[in-house]
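Look at the two complexes coming up: subunit A is in both, with subunit B in one and subunit C in the other.
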Partner chain A sequence: MAKKLSRGVAVVGVGMSKFGVFPEKTSRDLFVEAFQELMQSVQKGFNPNDIEAFYMGNFTSDYFENQSHLAPIVANWVGISPAASTRIEDACASGGVALRQAMLAIASGDVDVVLVGGLEKMTDLPGAKVTDALALAADSMFEIPAGFTFPGFYAAMATAYIDKYQADPDALLRVGIKNHENGALNDKAQFNQTIRSVMTGKQKKAEQKGLPIPDWQDEMAFLKDPKANPMIAWPLRLFDCSPVSDGAAAVLLVSEELADKFADEPLFIVGSGQASDGALAERASLSEVPAAALASQQAYEMAGIQPDDIDFAEVHDCFTIAEIMASEDLGFFPRGEGWRAAMEGRTARDGSHPINTSGGLKSKGHPVGASGVGQVVEVWKQMHGLAGERQLRGNLRYALTHNVGGTGQTCVVHIFEKRN
Partner chain B sequence: MAKKLSRGVAVVGVGMSKFGVFPEKTSRDLFVEAFQELMQSVQKGFNPNDIEAFYMGNFTSDYFENQSHLAPIVANWVGISPAASTRIEDACASGGVALRQAMLAIASGDVDVVLVGGLEKMTDLPGAKVTDALALAADSMFEIPAGFTFPGFYAAMATAYIDKYQADPDALLRVGIKNHENGALNDKAQFNQTIRSVMTGKQKKAEQKGLPIPDWQDEMAFLKDPKANPMIAWPLRLFDCSPVSDGAAAVLLVSEELADKFADEPLFIVGSGQASDGALAERASLSEVPAAALASQQAYEMAGIQPDDIDFAEVHDCFTIAEIMASEDLGFFPRGEGWRAAMEGRTARDGSHPINTSGGLKSKGHPVGASGVGQVVEVWKQMHGLAGERQLRGNLRYALTHNVGGTGQTCVVHIFEKRN
Partner chain C sequence: MTEHALHSKAFNQAIEEDLIIGSRCLVCGKISIPQRQICPNCHSDQAERVQASGQGTLAAFTVIYVPPTSMADAGYNAKNPYCVGIVSLEEGPRISAQIVGLDLSDPAAIKIGMPLRQTFVTRGEGETAKKFLAFEPI
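Let's look at the complex of A and B:
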């Protein structure tokens, strides 16, 4: 049954910090950067005192920064106290769920101007501790004692997918190549270079040092060389995994009636869905993510559109296989066709279904709580012709964001429309 | 400016586990107990599959149970997947804020039937680690390095209050005595005995062991004996502090249109407010909590009523001074009168402004994420004549709940109305 919101909600500004490794900055520092960029992006300007509520996606500042209760602290840091400030935690989907709660709060009639934030500061801990922290997103009673970490989970899903559809594992590498090509054109990306440039960089370095020059003919050869791209958990190699990142992103939402007061060209949130699921072992199939399919159905029904109406999407490519599954869960391609679409370039910027023009989590970075909010930044940029060299051509009307927590215990999908 | 919700929201059922120390149970086990009691309390019955969304207040399962992303796990545990499941974290106000998000989600039109949960499993860690975990609710950059823990924060507030109003510190002890008298009548309370019975119990034990029998004449003498009630941080003694607890609570909300389908006597949420603030050191005064006053003003305006219309309230008495400040922040008594009202019994069950008939956090227990949800359980029980020996007399129409995070960085207030 399609639900209707009591009133409409619009995006009127966005901002983000650079994603990367910033030992000298706290998460609140990074959020200040995002908020300052957001202030600039609101076309008609606004007074921060107008912000009535703040929803902040954050996975586990508890672990990463020894800090819970971070929402009112961050609100105070950017000067919007006493705005009602709430931390939303749904693991890697925290940002997307924060966006959804902000939308619902405005639709409820209680508030008109709401700030959405996402942030995570992950790189202060040593690597093994980061793995421990990320494992908190899985079931600590059943999944973690069984020896799983997240690369292992997604490797199991990739294996099931490849087996079920007799997919070519090269499709995974193609996703990584595409996302790095996009991220190379995004100066906010943690790895803003192509795989080819990584490859030629390594070749040049070898030459300078007088070492034998590896004779990789192309990126595919480079990515298949276990010395260049070591196996993490078969079939996932290093370049199939999104990085550990610091970063923050911010989005300003207002009620539909106020949209024109803030922006010449607001975006409207016309679809939203969220669904949950049990642990991976409880699912009938490992080769798809049911909660993502369900959340997208809810969003399409609310928007009254079909998957083919979506002009471009930012999806949760924590691992390359996740993007392929998402492209099916969201209905862009039939089941079992996602890997082929990736091979054939149909998800590239000039393809029929552009995915992750920002570079995605893979190249842009994955500061967990910020990722779902950062997706909206890319939607705004593409919709307003601000995406520079990675700008999509043609008229853009509908965009979709897809944010996943864990292996799909939480999925949240939003659809945005540009009306003029 | 008073806000109107786009549509009304009703409470149609409640449940809670016993609060206490349960080494053999996880937080999800405790929530199952709360949910089962809730199922029984829904007067006309319901199918758990009707639940579309789940908002779960939890402070830091990250620390206490090595588990983030707990909302979809708990949803799965009680059998309500794929309901959209979201963890809300605002320290000790997590439960009250979860209630508020659930209310806003229904008011938005997106969902009709929403489960609110609150849970915390705190007692698995050794005491010093619990203190570390609770400190995550304060500012880890500025407050914790200055040497503060929560008893210290509230001791500073108590000192400021006593100094400003020349208050009698005995008022603090009176709050504890009253809340234990109420909690002694609540079989869900962690400490369900009066201070007097604690005192006589110690006297009997001494007698049995042939030791000198302490000659405490009354509870006040007992509470002033530093051996019986040691000083924690002046003027707060052991019996001024709420305990470390395990527990869970659950509330079922539905849209106003559906209320009669679920309950013969639904309660309506007619007022809601939430506000944030900076760290304690940034405030103009330590003897009040501005965010609580602001949140209650929002709630009163939404409800269109005055503080004197409230028949009874559950307030956040994490320390006895917090209840006294709350009784002023909420407008029950003028500034500087709260301590006198406590001394004179005006907040007792037979007083003009009954507060914490459940026993409050002090006697009932304070499983952080559950506390704000547990308050609604008491409101339901009192409003439906189910409070047993602690039942308030007379016609009860309006009740208020007040939930505080940290030292007031987050405050959330709700007002409930019984209409028939």
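Let's look at the complex of A and C:
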């Protein structure tokens, strides 16, 4: 029998900082920006003193900012002490798991008004140290000694996927082009420009400097040029990887019975699921993420809906191959069809299954602990007609968020409903 | 069987002796590589240590051009990349390891399914030298 929450939970406000590189700001500063925007988005207003608990997703402020025990500090910084404040660490899924823990806290009946946060300040460290920090999410005894990096893990999954389904590797590049097209329309995105504009920008720069102008025919030619788009971990190139980012996001959850006191149009969390897995090598299949499929099944069962009922999804595209696998793990396409759907534009804003209208982690940025919370910001914006030029058309009822830690050791999925 | 034979460090200790070890559950027969104290299949804690043949096939791979600090210290970089893969061992389990002895100039020519055998590589020099499991083409 499908599991149900003991009582309903609603989203009544969201906010996020811009994602990007902010040498002058700490994670606290970024969270203040997210919190201020959240305050503005709560349609009927609210008193921050009403916040009873704070669940904060953060991967490794210990390493990035030399700071543990960050949740009460951040809570205090936005003025909500003595709210019970807890940091959640599940690598890149920290934000999504924080959302789930906040939801469960309300569903339990213990609290009614809960703030969810996600934040990460990654860019103070040099690149090699960031790679080492991210590697902390893998098994230090049996994966890291092999020489794996995170791009390397996903690259290995890409080779398994491409081999199993005889997929065209160009599908990876198509995911990047699509997500940059969406991110170009999102002023919060770290890279809010299309691949085409990146390409023409480089051509103009060469012209200004009096250097030979590269004659890329189109974005695909640009992305296949090893000088413009160097290989990171074969077959993944630079533009297949999400960036290193600073950023924060915030979501306000309340019990269903209080939702109308906060918002004219609350969103209801109608489905939630979470699953875990062992190291990548141990899995029966390397071309899919079993914990993501399991988490989504739990969420669909709780919501009582099917994958085809989802109007749009924000998925964890830390690497382009991850979005293709996710589109299958979540049931939008049959196994082995995700790459073809990406090639055919079925995941674009005007496609049958729009994915990552925000630009995704790829273009919007990936401040690790913030990513799972930032996804909810896009769901809110699309559901309320606030997504500007990237606004989806038609009546939107169900949206899904999918947040992955590591290579899929943690997967968490949520389904949101707008009721008219 | 000594009590610590299946502790988590046993696998990397065995690498130092040029061995890949694992465990066989005495209740359901499942083989785990690396070894497990509790069987992930039937949850029994009755297991014996086994030694893998070191033969397998390539299940997935990548060639890494941007290495982590540990591999950069071992001399790898964009111009001197390395291959790392997931190997399906003859005994069933898969394992992550560096793959050596391949021509990395054209990664597309590396074939999933190719037969491999165990070898051991040393990274670092002097006091920091450490032995790691690797595989090479047969």
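Please note the rule applied: the second predicted complex is superposed on the first by the 419 of 420 C-alpha atoms of A that agree within 3 Å, B and C clash if a C-alpha of one lies under 4 Å from a C-alpha of the other, contacts with A are read in each partner's own complex, and residues count from 1 in each chain.
Heads up, the rule we're going with is that a residue touches a chain if its C-beta (ideal position, glycine included) is under 8 Å from a C-beta of that chain, and two chains touch if they have at least 3 such contacts.
Predicted model, so just to flag it, every value in this text is computed and none were measured.
Trainee: Is A:G147 touching the first partner subunit B, the second partner subunit C, both, or neither of them?
Mentor: After superposing on A, A:G147 lies in contact with subunit C but is clear of subunit B.
Trainee: If you stack the two complexes on chain A, which partner ends up touching A:A233: first (subunit B), second (subunit C), both, or neither?
Mentor: Only subunit C; A:A233 stays clear of subunit B.
Trainee: Just checking: does A:G201 make contact with subunit B only, subunit C only, both, or neither of them? Give me first, second, both or neither.
Mentor: So A:G201 meets neither subunit B nor subunit C here.
Trainee: Can A:S6 be said to touch subunit B (first), subunit C (second), both, or neither?
Mentor: In the superposed model, A:S6 contacts subunit B only, not subunit C.
Trainee: Identify the partner contact of A:P334: answer first if only subunit B is touched, second if only subunit C is, both if each is, neither if none is.
Mentor: Touch partners of A:P334: none, neither subunit B nor subunit C.
Trainee: May I ask you to decide whether A:G345 touches subunit B, subunit C, both, or neither, giving the answer as first, second, both or neither?
Mentor: neither
Trainee: Is A:E89 touching anything from subunit B or subunit C once the two structures are fitted on A? First, second, both or neither.
Mentor: The answer is first: A:E89 touches subunit B but not subunit C.
Trainee: Contact-wise, after the overlay, does A:S276 reach subunit B, subunit C, both or neither (first, second, both, neither)?
Mentor: first
Trainee: Which partner chains sit in contact with A:G405 here, subunit B, subunit C, both or neither? Use first/second/both/neither.
Mentor: first
Trainee: Hey, what residues of subunit A end up touching subunit B and subunit C alike?
Mentor: 141, 278-279, 282
Trainee: Can you list the residues on subunit C that touch subunit A in the complex?
Mentor: 8-9, 11-12, 34, 40, 59-72, 76, 78, 82, 84-86, 93-98, 107, 112, 132-133
Trainee: Quick check on the complex: what are the subunit B residues that touch subunit A?
Mentor: 3-7, 26, 53-54, 59-60, 62-63, 65-69, 71-73, 75-76, 81-91, 97, 101, 103-111, 136-141, 272-279, 282, 290-291, 294, 405-406, 409-410, 412
Trainee: Across the complex, what residues on subunit A touch subunit C?
Mentor: 128-129, 131-132, 135, 141-149, 151-152, 155-160, 163, 230-236, 278-282, 286
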